[in-house]
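A, B and C label the chains in the order they appear, each numbered from 1.
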Amino acid sequence: MKKQTMFLRMITASLLRRRSRMLVALLAIAVGATILSGLVTIYYDVPRQMGEQFRSYGANMIFTSSNGKKLSKSEIDSAKKKINNSQLVGAAPYRYENMTVYERPLMAASTDFDEAQKTSPYWRVDGEWPSAEGQALVGQEIAATLEVKAGDTVTLVYDLDEAPATADEANKGERNQNSRDFTVAGILDTGGNEEKYIFISVPDMEALTGKTDVFDMTELSVSANRDELEKYADTITKNVDGVSARLVKRVTQSENTVLSKLQALVLLVTVIVLLLTMICVATTMMAVVTERRKEVGLRKALGASNKSIIFEFMGEGLLLGAIGGLLGSVCGFIFAQAVSMNVFNSSIQFHWVLIPITIIVSVLVTGLSCLLPVRSATDVDPALVLKGE
Amino acid sequence: MFFRMIKGALFRQKSKMIMIAVTIALGASLATAMLNIMLDVGDKVNQELKAYGANITVVPKENSVLTDLYALDGQEETAAAHLKEDDIGKIKTIFWGFNILDFTPFVNTTVVLDDETEVKLTGTWFNHHLALNTGEELDAGIHSLRSWWDVKNGQWLDEQKEGTANGGAMVGTVLAERLGISSGDSLHVKTSDGEKTLSVVGVFDSGGDEDEQIFTTLATAQELSGTKGLIDSIEVSALTTPDNELAKKAATKGPGSLSPADYETWYCTAYVSSICYQIQEAIPDSVASPVRQVAESEGNILDKTQLLMILITILSLFGSALGISNLVTASVMERSNEIGLLKAIGARDYRISGIVLTEIIITAVVGGVAGYFMGYGFAQIIGQTVFNSSIEMKPMVIPIVAVLIVIVTLAGSIPAIRMLLRLRPAEVLHGR
Amino acid sequence: MSLLEIKNVSKIYGPLKALDNVNLTVENGEWLAIMGPSGSGKSTMMNIIGCMDKPSLGEVILDGVDIAKESGKKLTEIRRDKIGLIFQQFHLVNYLTAVENVMVSQYYHSMPDEKEALEALERVGLKDRAKHLPSQLSGGEQQRVCIARALINHPEIILADEPTGNLDEANENIVIDIFKQLHRQGTTLIVVTHDPEVAEVAQRTVVLEHGRLVNEIKNEGFEE
C-alpha cells in the first residue's frame, strides 16, 4: 500500500468517524464561508441593484439639439444606440407647444407615455395613464384652473399662425387654427413643473400642429454610475450630429453621493462581519484541534516527525476547509439570492469566481487555525501528553 | 513573546475559558454593531438623501394662474398671490419642526439686462440667520438645497457678510458665458419697478434650467419686483418616514377621511403628507405639496436600504450565533474526560450540568459585556467612516444581545452536555 | 556488546532527583522487569529508555548510540526504528480501526502494509476483530492491538509501561502469554510495573526506590 493511501485513509477516517466533532468544525467553516460568499456577492451587486432603485428619481440624462434646430426621431435613435441597451431604463421624447383651452393659453407637451412612465416613475396619476390617441394627461395645476377631472373632455386649440392673436381676430374666428377634443384620462401630480402642462400623445400633437418628426428634448433614464454617464454624454455629443447630451446634475451628483455612501456602508459591514466570523471559525477550529493533543503525543511516541504530524492535521483541516468552503459558497449564493429577491425583486448576478475564492479563503483560515494548536502540540514532550490523563 | 502568550493561553485550562469568552465577545460585538447600525441606517441614509434637495414646496393657495406661461404670451401677471415673508419661520414651529432640516423662500421675477434681453432672476436666502420667536436661532437657505451646484468661480454668496447682503448675486454658467462675466464683475439689471447694479459673487453650474438664471438675495429681488415682504414659494427639506397604506390614504382622500385614531397616528408620524398638512396649518393661505420626484424615491430607497441591512443583520446574527454555539459545543465535548470522571466519582447529572453551565454562563456574561463595548466601537467606526456622524446606540439592543447570547450559549452547551452524560463513565475514561 | 547500557544516569527536576546515578545493562533478547512503588522513578526511566526524555547526567547507549546526546529529531527517528511502545492506557487512535492503528505505526516507520498488519493482529489473536474501532474492543483487546502495533516494525526493544495496569486477571494472563511468546522469538522486553506477579515472569527484575536501583533479582525459575 502506498503511503498516500494510508494518509488519505487516516484523514477520511478522522473526518467520518469523529462525526459529531467534525460536524461542529464543518458547520463553523460553512457558516463562515456562507457569510463570505453571501456578503461579497451582495457587496458587488448592491451598486447595480441600488442604482436601479435610484432610477426612481427619474431622468439622469437629456438630449437636446446641438444646432438650434429641433431633434428628429432618427437623431434620437442614433444617439440612443450609443448607450448599452441593458443599461437604458427608458427614453421619453418631449415636444412643447403653446396652445389654448377655452381661450386660456397653456403649454401642451407630447410624449411617449410608456417611456415617460419608465423615465419618471414618481409621477402619480389620479385616474389612468392615456393608452390611446385622443386621451390627455392633465397636470394638477392646469386641472385646478380648468376645473376638469378624469373623464372630462377638453378642447386643445393650436394657432397655426406665428403672431399672437389679437382679441379682435379671435372673436371673429379668423385665425388659422386646428382644434381637437381630448378625454382627460388622468390628473398628474408631481409636485413639480409638470403639473403645469397637458400631456398628449405624439400622433395627436403631430395632427394638431401639422408638423411631424419634431422633438424639443429627450429625457433618458440610464442605469449607470456618474463616470459612465459622463462618458456616454461625451460620446454622443461628439459623435452624433445634431444631438447634445447633458447630465441632469441634480440626479447624477446626488446619486453619486448617496450610492457611494451606501456602498461604503456595505463594504465596511462586510469587512467587519467577515473579520469577526473568521475569528470565530478560527477559535472553533482551534478548540477542535486542541482537543486532540493526546493523539499528537501518541503519534510522536510512535515515531512520527513533527513535520508529518503537521502535514496530517493540515491535510484534514484543508479537506474540511474545502468542503466547508464549497458548502458555504452554495449557501451564500442562496442567501444573496434570497436577499435580492426580497429587497429588489430581481435575481442576483452571481460571480462564479467567488466559489474558488471562498474555498481558498476557507482553506486558508482553517489551515492557519489548525496550524497554531498543532504546532504547539508537537512542541510538547510526548511522554508528558501520554502520562497526562 | 506575543506568540508565547497565545500558546500559553491555548493550552492552559483557564485560558480555554478565555477563548470562549473572546468568541462570545466577538459574536456579541457583531450583533451589537449590526443591530445598532440597522436601527440607525434609516436616519443616516435619510440625511444623505437630502442631497437631492427639497422634498416639499409651499406655494400660495390662490396661485392658480401660471406666471411663466402667461409671460410667454407677453401678458403681465398682476393678480399673483403671495406668501408673507414673516410667516416663513413658522415652518420650524410645527409638530415635526425638528425634522425640518432646511428651507428657503423664493421670489421670481424677470429682469432686463443692458443688452435688452430678458433673464429670470430669483431671490432667495443663502445662509439667512433666523431668530424664531421660540428663542431658537438657525441659519437657513439654498446652499444645502442645491448640493449639486458646482460653483465654478467665486464662491457661495454669504448673506451674513457686509456688502454682499444687498446686491450680491450668483449667476448661472450658461448666462455667465453668454454675457462673458465672472465673479467680481457687476451686472446692471432693470425692471418696471426699479433698477440695480448687482455684484457677481459666484458662477454656478447646476446642470439644468437654473444655469440661465440669476440668483440674488431675497431683499434685492423683492426690491426689483416691487413685492416687499412677499414671497412666491418656499422649498422645504424634511426628514420623512416612508409612506405606508395609512399615509397613502391620507394623501389621496385627505386627512378628513381618517378615523380619529388613524388621524392621530398619521399626524404624529413624519409622513411627508402629514408634514405638508402641518405646514399648511402653520402658514396662512398656503398649499404645501410633496415634490414627488424626491419624496417618492426617498421612501423607496430608504425601504430598500433598511430591508437590505435587516437581512445582512440577520445573516450576521445567525453567523455569530452558530459561531458561539459551535465553540461552546466543541469546548464542552473536550471535557468528556472531566465529565466522565465526575460521573465516575458519583456526581449526579444535574450537578455536573450545573457546574459546566455556570462556568459557561459566567464566561458568556464576561464575553457579552466586553462584546457590547467592542460592538459600540465597530458601530462608531462605521458611522464615522461612512456618514461622518456617530451611530446612536439604542438601549433596546442591550436586552436583545443579552437574550441572544444566553440562548445561544445554552443551545450550544446543553445538547453537548446531554450527549456526554449519556455516555458511560468507563467509556469516556477509556478514551472513546 | 550489550543492547542497552545505562551509565551513571541522573534525572533532576529542580530539587528532586527522579533518577540518582543509575547503572543498568540490558542484553539482547533479555526480558527485564523494572519494579518500584509510584514516585520511584519508573516512569522517568521508561521515558529515557523510550527516547522521550533525556537524562540530566550520564550516558544511555542504545545499540551503540548515546541517545543522551542526540537531538529531538534524531531521538524521534531512533524511537521509530528501535523501540515498540506499549502503554497502560493503550493510547489507540479512537477513530481508526484496530488494523489501521497498527498501520499507523508502519506508516511512520516505512510503508503501511495491511497484510502484515493483519498478521500482527493474528499473532495477538485478534484477526477477527481487525475492523473494529477501539471503542468496540474490550480493554484486553485494546492492549493486544497496542502490542501488535508495537511489534509491527520489528523493534530492537519492546518497552511496556504497566501493560496490565488496566486489565483484569484473564486479560493479564493473555498479555503475559504474548510476552512469553515474544521472548521465545528473541525480542528484547523491558516491562515497567509495580505488580510483582508481572515482574515474576521476567528473566530479571530490578527494583527502583527514590530514583536508585536498590535490588536486582534473577528469576531462578525462569523457563526458557
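Here is the rule we go by: a residue touches a chain if its C-beta (ideal position, glycine included) is under 8 Å from a C-beta of that chain, and two chains touch if they have at least 3 such contacts.
What you see is a predicted model; the values in this text were computed from it and never measured.
Distance from chain B peaks, on a Cα-centroid basis, for C.
Chain A has its Cα centroid nearest to the centroid of all protein Cα atoms in the structure. Distance between chain A and chain C, defined via averaged C-alpha coordinates, is recorded as 70 Å. Per-chain Cα centroids separate chain A from chain B by 21 Å. Rounded to whole angstrom, the centroid-to-centroid distance between chain B and chain C, based on C-alpha atoms, equals 75 Å. With touch defined as above, residues shared between interfaces to two or more other chains in chain A number as follows: 294, 389. Touching of two or more other chains is recorded for residues 89, 91, 94 of chain C. Touching of two or more other chains is recorded for residues 431 of chain B. Residue ranges of chain B in contact with chain A, taken from their complex: 6-7, 10-11, 16, 19, 22-23, 26-27, 29-30, 33-34, 37, 41, 45, 48-49, 51-53, 56-57, 64-66, 68-70, 72-74, 147-148, 150, 205-208, 252, 289-297, 300-301, 304-305, 307-309, 311-312, 315-316, 318-320, 322-324, 326-327, 329-331, 333-334, 337, 378, 381-382, 385-387, 419, 431. Interface residues of chain A facing chain B in the complex, by the touch rule stated above, are 20-21, 24-25, 27-28, 31-32, 34-35, 38-39, 42, 46, 50, 53-54, 56-58, 98, 105-107, 120-124, 126, 141-142, 144-145, 164, 189-192, 196, 246-254, 257-258, 261-262, 264-266, 268-269, 272-273, 276-277, 279-281, 283-284, 286-288, 290-291, 293-294, 335, 338-339, 342-344, 372-373, 376, 380, 389. Put simply, chain C touches chain A in their complex at residues 43, 47, 50, 52-53, 73, 76-77, 79-81, 85, 87, 89, 91, 93-97, 100, 103-109, 111-114, 133, 149. Contact residues on chain A toward chain C in their complex (touch as defined above): 1-3, 5-7, 9-10, 13-14, 17-18, 294-295, 298-306, 308, 381-383, 386-387, 389.
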